[in-house]
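Below are two complexes that have chain A in common, paired first with chain B and then with chain C.
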Partner chain A sequence: MTFSEYDLPGRASDLLAAQKDALEDHGEDCDQYDIPSDEILGIYDDFASLPSPDNFGTYTDGLLTTMEKLATGGYSTGQTDGSTGVASSVLDLTISAGDEVDDWTGKGADQFNIWTDGWKTGVSNQFAATVALRILLNAEAAVWTGVLKDLDDLSNAATKAMKAVTECNGDDVTIALSVATAVVGIAAAIPTAGTSLSLVAVAGAGLGVASTGMQVYEAASKPEPKISSCCPRCCIDDVKDALKDIKTHTREAEEKIAKDLDKNINIINGAWSEFCKPAPALGSVPRQNIHGYDGLGSFPG
Partner chain B sequence: MSDTNEFRERWEETVVVTESPNGSVFVQNRADQVIEVRIDDGYFNRASLDQLRTQITAALRLAVADRFRAYRSMLRDVSGLSFGQAERGRRPHADEKRRKSEELHIEGSSADGTVTVSAIGLQHITVSIDGGFWDSGDRHTLESNLGVACTSAVQAQFAGMKELTH
Partner chain C sequence: MPSGSGEGFGVEVGRVWRAGAVLLPKVSGVLGEASRPLTDSHSWLMSRTPGLGEDPSAKFDALQSLIKKAVDDSRDAIDTCAQALVWAAEDYELTDQAARDAYVREKQRVDS
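Moving on to the complex of A and B:
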């Protein structure tokens, strides 16, 4: 069964039961063993409501559909099965439409032709923006996948460390946190010169994260908090410190994603016409008057 | 079964056997409840008291190390987690408990008082064997008395550790 934040109250109850066992073994006149029940039962309360990594899939799937429509060439879909996407045939029609009026005279025709010449670059930039946004959403999913895995591992280790509390044993349980390494591979900034497809290769690691969890980052080093089995007080204090670590790493990851998002938004804002080109002059002519529009000129042939 | 009970039951089933450096003295620890000592008959007959005491002491030191190794291994097997020696400097209470445990003096004796085993922090182990009893050449009684003294010392260790945490 998949772990979720809704399992945490049960884990807190398990931890309390283990502490009661240790207290019973030891006797009830020691602060190090007699921890208030509320302190243990509420230990995971800060994580009572978390974003579900699965919920990001709807958006990343939608963005993949957008990528299909904006692809001017073949591209990696970033899926773990290694599948690739093909160029959109609809875009080819738009690009070839410019060639159709290449020999026409007149200002409107010339502008339309110039506009279609830049069409591929603009659409490619939109594709790049879509890829970058998808990578950032994947990173978000990875962060929360990591948080849930860490909470699962930590709450499990905490209870077992508490159960190992004995008079002669003071060992530490060591676990590894995942969330700290969740976003090491976020995308670089969007290129704005029509080189979008190269971005897919550069940022490929980030593409595959959403539905597959953390395996992309398995090789990265991970913080390893220790949970003491010296006594219930040491154990609980270590759990609290590890929970603080998870919060800190989550905040750092979120800040990194926000910073990358801002960077990409600034690129788009600073070069808006590269992403959304103004319509050609021909586009402003009312349809019923097009034959009377001098700017269209005439076909010399 | 809860991990607590499984830890206990698995440990109660655990037998740790250690031999002295020259392979002539054997210590068997059954879950810290019963300690048995066996001495090779040939070595018993040819060794001096000092030589034998040196081997027994060495075997007991190794038995302590083996015991903690086995306990940690049991914790890992049952929990699937990485249990290891506590890192110093993380928790003041754990450090203090460890410091006190390293100074904890314990002693256990045989019922007739001819054999005594004492230790400080389970590190500095001393074995005393009455000279008159040694002269009797009764290996079986010596083994039995060593077992009783060691078991008694281990019980004193647990009691001392419990006191330390209050």
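Moving on to the complex of A and C:
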């Protein structure tokens, strides 16, 4: 059964029960045993409601659909199975449409033909932006996967440490915080603006992430807070410190993601015409003039 | 109304019609499918207990919204051009039967 934040009240109850056992067995040995029940039962309250990584899949799968439709070339899907996607061939029909009016002499016809040649650049940049958005969404899911893993580990470690309270030199329990490394190595910015992008390079740089997987983000080194089993007060204070660490690392990870989101937003806003080619003159020629010089003109053949 | 005659002219007008009525609408349809997943807000996805960092969902929404606007505007440009080409083709007066026959044949041709 997958751990969720809804398991935390039960973990807090386990911790309280362990503390009561310690109090009964060793209360006479230390003046730091009797911790108010409310303090223990509410210890995880700051994490009562969290984003669920399982819910991110619908969004990331949707973005994969968008990528499929906007792909002007082959690309990596970013799935851990290494699967690849193919170009959306229908997009080439724009060029075919340009070919159909290639021989007409009007200014509008000429500009339409030129426009169709460059139109795919905008679409390929939209594809790149979608890849960046998907990577960042996966990174966000990875943060919460890490938070939940840490809370699972920490709440178990807390109860284990409390049960180990037998004397004032009991063994500490150590856990490793995953969220601290959840977004290490993230690089989800649109590579360049104002030029046609290399789709393979964009997708290839896209960190091979599954819809909610975080394993690819994990780094070798993780903070390892210790939960003391010296006495209940020491144990509880260490749990509180570890919870603060989780909060800090969560905030730092999300700040990295927010920074990359801002960066991508600024890139697009700063080069809008490279992401969306304005309609060519043909689209604004009045209907009654469309056969004239500004429109299709004449067919010389 | 501009006019022309002969089979060759009918074919060319038919090609203009096909570009606007067949080819570009297919592209427009694909862009519509690309845009569809870019709709839902991320706010419910990222809601959490107050105090647990700053919810970045508004920034996710902003980036997604920009991408959607780019896709939708591209689709609008395609639709606008498609309409212009269809108007152009439909308004040509084909002055002889050969031109008219060629035009009809071209319109009926299945696009590859």
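What we mean here is this: the second predicted complex is superposed on the first by the 259 of 301 C-alpha atoms of A that agree within 3 Å, B and C clash if a C-alpha of one lies under 4 Å from a C-alpha of the other, contacts with A are read in each partner's own complex, and residues count from 1 in each chain.
Quick note on the criterion: a residue touches a chain if its C-beta (ideal position, glycine included) is under 8 Å from a C-beta of that chain, and two chains touch if they have at least 3 such contacts.
Quick caveat: nothing in here was measured; it's all calculated off a predicted structure.
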{"item": "Joint occupancy of chain A by chain B and chain C, clash or fit", "value": "fit"}
{"item": "Partner chain in contact with A:Gly62 - chain B first, chain C second, else both or neither", "value": "second"}
{"item": "First (chain B), second (chain C), both or neither touched by A:Arg233", "value": "first"}
{"item": "Touched partner set for A:Lys163, first chain B, second chain C, both or neither", "value": "first"}
{"item": "First (chain B), second (chain C), both or neither touched by A:Ala18", "value": "first"}
{"item": "First, second, both or neither for A:Ala142, with chain B first and chain C second", "value": "neither"}
{"item": "Of chain B and chain C, the chain that contacts the larger number of chain A residues", "value": "C"}
{"item": "Chain B versus chain C as contact partner of A:Ile35, first or second or both or neither", "value": "neither"}
{"item": "Contacts of A:Thr174 with chain B and chain C, given as first, second, both or neither", "value": "first"}
{"item": "Smallest separation in angstrom, by C-alpha atoms, between chain B and chain C in the superposition", "value": "25"}
{"item": "Chain A residues touching chain C - in the complex, by the definition given at the top", "value": "45-51, 55-56, 59, 62-63, 65-66, 69-70, 88, 90-91, 93-94, 96-98, 100-101, 103-104, 108, 112, 115, 119, 122-123, 125-126, 129-130, 132-133, 136-137, 140, 247, 250-251, 254-255, 257-258, 261-262, 264-265, 268-269, 272, 275-280, 282-285, 287, 290-291, 295-296, 298-299, 301"}
{"item": "Chain A residues touching chain B - in the complex, by the definition given at the top", "value": "17-18, 21, 26-27, 29-30, 32-33, 156-157, 159-161, 163-164, 167-175, 226, 228-231, 233-234, 237-238"}
{"item": "Residues of chain B defined as touching chain A within the complex", "value": "2-4, 7, 32, 71-72, 75, 79, 81-87, 90-91, 93-94, 97-98, 157-158, 161-162, 165-166"}
{"item": "In the complex, chain C residues that touch chain A", "value": "1-2, 4, 8-9, 12-13, 15-16, 18-20, 23-24, 26-27, 29-31, 33-38, 40, 42, 45-49, 51-54, 56, 59-60, 62-64, 66-67, 69-71, 73-74, 76-78, 80-85, 87-88, 91-92, 111"}
